[in-house]
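Got a structure here, written out as structure tokens. Questions coming.
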Amino acid sequence: MEIEVFDNPNPNRPYTITHINPEFTSVCPKTGLPDFGTMTIRYIPDQTCIELKSLKYYYLDFRQKGIFYEAVTNKILDDLVAACQPHEMTVIAEWKARGGISSVIEAQYKRGE
Amino acid sequence: MEIEVFDNPNPNRPYTITHINPEFTSVCPKTGLPDFGTMTIRYIPDQTCIELKSLKYYYLDFRQKGIFYEAVTNKILDDLVAACQPHEMTVIAEWKARGGISSVIEAQYKRGE
Amino acid sequence: MEIEVFDNPNPNRPYTITHINPEFTSVCPKTGLPDFGTMTIRYIPDQTCIELKSLKYYYLDFRQKGIFYEAVTNKILDDLVAACQPHEMTVIAEWKARGGISSVIEAQYKRGE
Amino acid sequence: MEIEVFDNPNPNRPYTITHINPEFTSVCPKTGLPDFGTMTIRYIPDQTCIELKSLKYYYLDFRQKGIFYEAVTNKILDDLVAACQPHEMTVIAEWKARGGISSVIEAQYKRGE
Amino acid sequence: MEIEVFDNPNPNRPYTITHINPEFTSVCPKTGLPDFGTMTIRYIPDQTCIELKSLKYYYLDFRQKGIFYEAVTNKILDDLVAACQPHEMTVIAEWKARGGISSVIEAQYKRGE
Amino acid sequence: MEIEVFDNPNPNRPYTITHINPEFTSVCPKTGLPDFGTMTIRYIPDQTCIELKSLKYYYLDFRQKGIFYEAVTNKILDDLVAACQPHEMTVIAEWKARGGISSVIEAQYKRGE
Amino acid sequence: MEIEVFDNPNPNRPYTITHINPEFTSVCPKTGLPDFGTMTIRYIPDQTCIELKSLKYYYLDFRQKGIFYEAVTNKILDDLVAACQPHEMTVIAEWKARGGISSVIEAQYKRGE
Amino acid sequence: MEIEVFDNPNPNRPYTITHINPEFTSVCPKTGLPDFGTMTIRYIPDQTCIELKSLKYYYLDFRQKGIFYEAVTNKILDDLVAACQPHEMTVIAEWKARGGISSVIEAQYKRGE
Amino acid sequence: MEIEVFDNPNPNRPYTITHINPEFTSVCPKTGLPDFGTMTIRYIPDQTCIELKSLKYYYLDFRQKGIFYEAVTNKILDDLVAACQPHEMTVIAEWKARGGISSVIEAQYKRGE
Amino acid sequence: MEIEVFDNPNPNRPYTITHINPEFTSVCPKTGLPDFGTMTIRYIPDQTCIELKSLKYYYLDFRQKGIFYEAVTNKILDDLVAACQPHEMTVIAEWKARGGISSVIEAQYKRGE
């Protein structure tokens, strides 16, 4: 699913956008069992903003995908940065316990770094 | 609806005014469905202050308006800055979940920046 | 009602006094309806301190007075500064929701500024 | 009631002592009615420490004494500093509501200031 | 049990991984009685990441092992650093009360220190 | 009761150990009545660590001992520093109310200060 | 908007269905201002169940409708009973404060009563 | 996926078993979008008990299945009753909000009713 | 490990005893992985009471035992009833999540039923 | 201090009156030290009601009075019953901890019992 963007209504003003999805789910590539977590993205847009409905459908693509915690977090950051070219963006993935262990992965992009 | 202002009772003293509206509602331009959120504005007035009843009616104008989260946040900031010409102002829009995803948009104006 | 003061028992030592009134009420000048809020004052006294009982009666004078949020906050700061001439003073007015919107006004005085 | 002190068991090491009394009571000099509050003292002892039982009896002396909030806070600070000559000491008096208004008074002593 | 690693999906970007295990248990070498605690590891990966299922089995090896709090914390830090060669790593072990005393041990590795 | 120590499993790495005992009890030397409190020690070990069971028995020695709050806090710090020669150590004693007054004593040791 | 129903998957077993909408909004017929509240319906279906998406659109019809609290509660109960002919149904409308007063209206239908 | 059962270790004693799954997910047959909820089953076993791992895999079968809230609740009750023939069983499905509306479905089986 | 008992000091008076163990652990017979939970027993003693230290060691026997949730709960109830012959006893086992599913098993014995 | 009463405005209707004073204080007759507590009275008036300001001054009489917990509770009940002759009255005295022990005394009067 492609991430749609729309023109930033105020590209001259740096401001912050946060989207929190407590219903993210993907599949563990090792066991084939589902993983559940909260996926949070926070960014400062430049020329475009991420369209929320397409973000929802983009997240749905992971529902049957076997992928490690670390890979999914970095992939979402890469895909969203590629889609909207923001000034900066952070992705935080908080995973519910698997085998008694819960995990948090946090990755950040800053233009020019 | 026009935003009314009244003379700042003490323009020589910089002080802070905050208005919190947990009952803001507009319409998603993509789906036609209503969005609900809490709209907070915080500003340091210069010569005029925002009249609270006209602010309430100004907010009511969004009740049937199709507009993106990012646009409504920036538009409110632009309209209120134009109406009362403050030293500085912040608008924070906290949206309830749509498609399982909740969002927060925060924009800020500082005179001279 | 006049605000009474009494001699600061220790004018050589800068120290802090806070008075919190969660039962403040005045009248909206636009609608004639009552407003309710918490009025907090915090100050460093110089030669005199504010007498608490006269402060209570001073607050009662606002019960039937039609006055905007911003004006009442600044007027209390002006009146109390005039009465006790403190080193510095802050007034914070936290208002309960009117028309679904709650408000906070905060103003500060520092001698010499 | 005199405040007793005892030799600081370790005068070479600066360390912090805090005593919290949530059952402090004195009398309002204006109305003759009782005031209730929490009296907290925090200090770094030098050669002597305050004996806790004598502190309790010292506090009891205020039970029938008509004295303003500001005066009692400063008097306790003065008396305790005189008794134990600390490196530094803070007194915080948090008063329950009177006439709907609650108050906090905080005063501090530092040797050499 | 050997700790497995897999290739870091994004070795060029420093990001943070946290794994929290509230069900860690080992055995007190002095009394033979079980110890229970929460074991948290946080690290910035370099070329490899720790595979979560092998981490779970690695933790299981301590279930019957007699080992002091301090030793188990440092051993886990040493083993995990050896396995994945991270930029930096912290291990925090929070132990439930034994003989009425609860304990926390925290150790940290930084490459090049 | 002597405090036992054991070899620090990783003396080259500075790390932090915390032991919290919410069931400490000693006797007031003035009234003969029991005092109750939470005794927390936090230290960075050098060559040796404090053995937890001997710490429990060491604490038991205070059960019948008449000793002031300030003295017991400093004595525990002195005894534990003597026993394990740490890089640094903090002792925090939080006492339940006596005569309506609760107290906190905090003392710290740093090698070389 | 018509309320759609679908065949009850198990009409022989009495069971309970609850739908909670914390984002209900209608308009006060007296002031023209919006009302906000939580609308809860609970029912035991007979031959048909209420389809959730059509319920959402049915609620949207009230967004611009001027109607009293009591009327809207009873109308929803009447409309939903007519649509799905349940064994019994309860509607609870909890309204946010207007003029400082919040309200709850609860109405119930039982077949044969 | 078939639900496995094992012999009730104590069929002569009526006792209660509860299994709570806060990570249940299925698909809305109307929109094709995922639903999320907590599925709770509580039962008094007769000759057999439900094996937990097979229950987990049974739940996984709904991950891609389009099915209404009411149908899934009744189907789970029917399937589990058929599998283990309990004295009685209750299924409670608590669904996260969709279109702003959250739902609870509760169905019960009692042998002989 | 045998459960020791001691003479009930007051067998003529029915009274209630509760022992709560939040650190119970056994092994899943299906996966070989550990289970963790809180084991609560509540009983009215007749001629004998359960000795607490032997109960702790009795629980330790389950640390390496492969046994289902339902079996361990009933076995503990059977063993403890056999050991102390109480008027009545309840065992409640609350298990932490496995595969995302948490469980509670509750069994009860009443003499003469 | 005498307790004043006023005519019950509706003696034909039995209704309940409760007065809660969280700032009650008297003196321990054994140690001479102050006691603090919350004094609650609840009664069904007959021909007269207790006047609130006189109740406040009545309570003040105990401020220097040496009297046991049990005696003060019963004396207040006797005095208030004598003053207003209610249908029934309950007095509940909840005392703050002394020597680590907190106490509650509750006494009740019913006419004709």
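Labels for the chains are A, B, C, D, E, F, G, H, I and J, by order of writing; each one numbers its residues from 1.
Heads up, the rule we're going with is that a contact is a pair of C-beta atoms (placed from the backbone, for glycine too) under 8 Å apart; a residue touches a chain by one contact, two chains touch by 3 or more.
As the structure is a prediction and not an experimental result, all values here were calculated from the model.
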Identity of the chain that, by mean CA position, is farthest from chain E: J
Gap in Å, rounded to a whole number, between the CA centres of chain J and chain E: 60
Distance between the centres, which are taken as Cα means, of chain G and chain C, whole angstrom: 46
Chain A and chain E, separation of their C-alpha mean positions in angstrom: 28
Multi-chain contact residues (two or more partners), chain G: 23, 33, 36, 56, 96
Pairs of chains satisfying the touch condition: A-B, A-E, A-H, A-I, B-C, B-G, B-H, C-D, C-G, D-F, D-J, E-F, E-I, F-J, G-H, H-I
Chain I residues touching chain E - in the complex, by the definition given at the top: 23, 25, 33-34, 36, 60, 63-64, 96
Sites on chain C touched by chain D in the complex: 6, 8-10, 13, 15-23, 45, 49, 51-53, 55-56
Interface residues, chain G side, partner chain C - complex: 33, 36, 96-97, 99-100
Touching residues (chain side chain E, partner chain F) in the complex: 30-31, 68-71, 73-75, 77-78, 97-109
